[in-house]
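All chains are identified by letter, namely A, B, C, D, E and F, in their written order; residue positions are counted from 1 within each chain.
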């Protein structure tokens, strides 16, 4: 980890997460409903249970989980046009919601879920970088609540979840390797990487992009170390909010 | 006002509003940003300033104000499909956002606003009836904050707002005339009316619909009285949240 | 009623309707087909019977009625772009067709209609103000014809219609309260109100909008009186065209 | 011409057109506005002048003419869904409106029109076969009226039209070669051909389709003869409606 | 045939086709897959078998054949925008794919095909005029291969094809009547005609358009003669590629 | 590298690429046009120069490069529906074309390109796994040709390209780590990773996904080694096809 001084715009150390706050039961209808705040990034994550599966899975005795993601128009510095006004999802939104869904499915045994769908909705009410990773981290807690609801209702006998997981971003800014980029850092990053991991450090997703400066294998390893540290901490926050002792 | 006993599902009197809470500066980027709660209905209302006007107004030395409205998918009892997934706004959404924009424009002197647009966004995070009227009441406060911001910045010399205003619903349920319907009441209403008024009781918008039972002129007058009472109270809440003494 | 002189652009008194002409059997395929002319506003209204209901009503032993509205491109002063060219309905069109459908359903006992749908189509071939209210007034006659057809064919035993109804506009122009606004009046109106009533003066729909000048409760009452007078006359025209003696 | 007896469903001879009626000044705003009736097929054709050209023609000192076509929902036996409800034009509609526009442009000297566009709208209010050819025949008259309007207004000095023209259909039904097919004939036709010609018998467009039975060159020639006869008669009707003596 | 000298841009005689090359089994998954080259025009034509029919044909013991057509973006001189980027098919594309499907269906006995659909896809990888006629000529060979596959697999007992067929273009350029127009000729043509014929010279489709200069019946006959000559030659190429001796 | 026997479905060793063939000048209009074949995967890659930039870059003295990707309908085992038929791009397509564009831009100095856009089109004519990585590898060669064209034409003085680059996939199948997955392997993979690198082994993009089995950091390193080996070989093929000696 680089031994730098207080270079970061918000005074953090290079390997330091922003403050994390997870509020459960944030709205009243969803089976799982979480407000996650990582610094100034705030996302409402809900998990909704629907007693059916999409056509391509019917009759196969398996469940499904899918995710949607959206920015409120003024979650951003300048107002973002609603996607419905263009009539279609942007490529960015599609990538993000596919990432969220795929990452969560990696820790769900869909066969144990039964023929039902869990809809995960991540609606960003304030964006300051890292909205997709905050969405994943918060959505996992909403998912735990929705699963627990199904168990309490006697719908499920055991949990189909097989690991805790969380996500964060890492990147290279002015040659420094940083954990959990805020918007200003993200904007200047030469390398930008989003990583989803299980609590024991196995990789679920890695998406790394070099904006102009391709990166070396060594840099990549350092970034992975940073991400692993951050994700272990995020899982602790998840457990604490769920009242689980470690 | 009818002298009934505690018929209402939530124990209110017929002419009683639900609890109102208005939180300003709810998110950090918008010039005006309000969370309004009326009972279990919760709406984020932002007012965003854009330094241009739509093509049809260019060069006419006048401003514009437009509104958009959306339900978060799990703001409702069962999950509502995002409109972008259908590729177009529903008729209901279009009606509501046209109503919000038209109502607010009625109290803004657009000529005094200069060649700029105010975007009002109303995003419902929890819906329990009366989302469109809560949106108008909350959006007016966000609008005041955005106008004050423009005055403080020296962009505007005087406020283009010429009256306080608010909105509420009234209706007939089981023959009873009620103020501020919650979802369960709204669902059963024989008559459903949304009214937008200035603080001195003049009508900006009235939209009344008979679901199966056309209503008499007498009933209509009683409903107008109820609305007027509610709107005066709502304007008091707006002023209190803005720190304005009455 | 105001005692004014010939202020109105077309020489009418303030409380005077434009000339009304209702031509039945206007086209040959529809079960009900009417050309309604109110002054220079001309609308083809058809009522078409379809022997099924939308999915949300299947198996519930009830019928449905829905309406669509469109302007021919050159029904207007300058050519209006077809909505299909934009790929979607405008908010104005959606509002109008929802209004027409809702208003007509208020006088139909859908349970008596059986599991069938009546499609009401209102296509404006010439527009001079009041196209939505002319559509409702004309569509009601087409609906009567379609219902009579079903009775004659032995499909229905009794009529599901429980009242005559019609619609008109009222408004405030230059301080004058006027009945049945033509385009030029509508364009200048400070207040614009569309009212749908049964023949005995009960309100089905009221939609009133203040363009800049919120209106008082007194003004509203006067406008309601004007509308009531006009609607009684319109119902007379409907009955005469149907050969019903009053 | 085949010497058959009264085989045709409506009693016509094989080489006989349906009754034709052309009503000019049908609506009041368009520069040219015609109702054409050919038997039970009825089409409103308007020609609207716009003082600009599409981007690809700007600054080239030439004009443009374009056409749009639509069926009213209940112009047909069973109700046709509006195209805007699907969000896009059908292939059939696109073909027809391209045909109408191309055919009319063939007799207009666009250079003489100046930098303006003529929008031709053909809205079918009752369809009984041959709607596209009736549209062309009627639209030509509306176009003459719009051009004459421009000449009377002093906008144009001379007419850019260089020939009368009209269109009809021919086809093979049960081995008989028929002129001007009504819907029932069209439905059964083995060969279906639409032909647009100038008044002196030159071909502007020919579109022939064999539904299952490819046709010989001899049959094609006979069909062309029939079409030529019909089109000469249609041009006479056009001239008569325009008060032009032949 | 006109006795002209080497007027044509590529040195051909007026009644001469461009070089034709038909490559079968061009890609490995489709039941029929052909690359057809006519001069510099190159089209991949595939025929795909699907074991179902569209809803309007279900249970009627008949098959279906439908066609789609597309240009690769840089098949053209300057890059053509993908149609998906506009969200809808152009009128030109719809016309072409309807023409291809209709033409091929004219030689298929759909009843003999059984309840299955053949999808014909024509993707132009290089365009130098005549892409729609090359598509039809090539698609017919792909269709023969797909049918033979179904016979070899024992799915069909006999071929539902009842004739060879092919298509070409003819036109008038600088007063010369030409067979098989390349792009440069097509661009300058006064008359442009696409003709689809069976191998014995019967007409399946004729689509002729006068760009500014309506053409006489005599010209039309000469053009038909040219097309007939070309189509007989194209059928020979088809047979040769299929290893069928004439 | 794992020392396995001929486990792979096509007889390759674990660290062996499929046969690669790169054909330049594949079509005649594009400034760069390549057919790349990697095993049975075949993609036409073109690079087209347009003398303008998108609005967000105008006047900034910089160029742009953007990519589009599409599957021909029968490039796949069973026919894939065209995206235009759904009216919008799938999430998968958007992800792929964003990846291609971003990867190529990482090696282009856009400032040196001048105010012009390079459109990269990757159209898959046969798909057997690895279509996105083959697209990138092939598109790079088309890009080199387009840049060389601009230099030869005197439009550019020096190349804005700063490194060779290529892409491949790696994955874990039945516990084996494999280079360059074909469709059958990709379908069964527990881990699937696409990697884009410069010729000297720096990472431009990494996208790794665990389908059910999150992977360890060790596995990830081995996969990176495999990818690096493959990409060096692919760059050799690119250079050979361009006639560049190493």
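Here is the rule we go by: a residue touches a chain if its C-beta (ideal position, glycine included) is under 8 Å from a C-beta of that chain, and two chains touch if they have at least 3 such contacts.
On a predicted model such as this, the values are computed, not experimentally measured, just so you know.
In terms of the stated touch criterion, the partners common to chain C and chain E are D, listed by label. Interface residue usage between chain A and chain F, two copies of one sequence, is largely shared: over half of the residue numbers at the contact are used by both copies. Put simply, chain B has to spin 180° for its C-alpha atoms to lie on chain E, with the angle rounded to a multiple of 5. Separating the CA-averaged centres of chain B and chain F is a span of 52 Å.
Remark: chain C and chain D have CA centroids separated by 34 Å (rounded to whole angstrom).
Listed for chain B are residues 87-89, each touching two or more other chains.
Contacts from chain B toward chain A in the complex involve residues 27-30, 33, 40, 42, 44, 46, 48, 50, 68, 70, 72-79, 82-85, 87-89, 119, 121, 123, 125-126. By the touch rule above, chain B contacts chain C in their complex via residues 88-89, 91, 94-95, 97-98, 102, 106, 163, 197-198, 201-212, 214-217, 220, 224.
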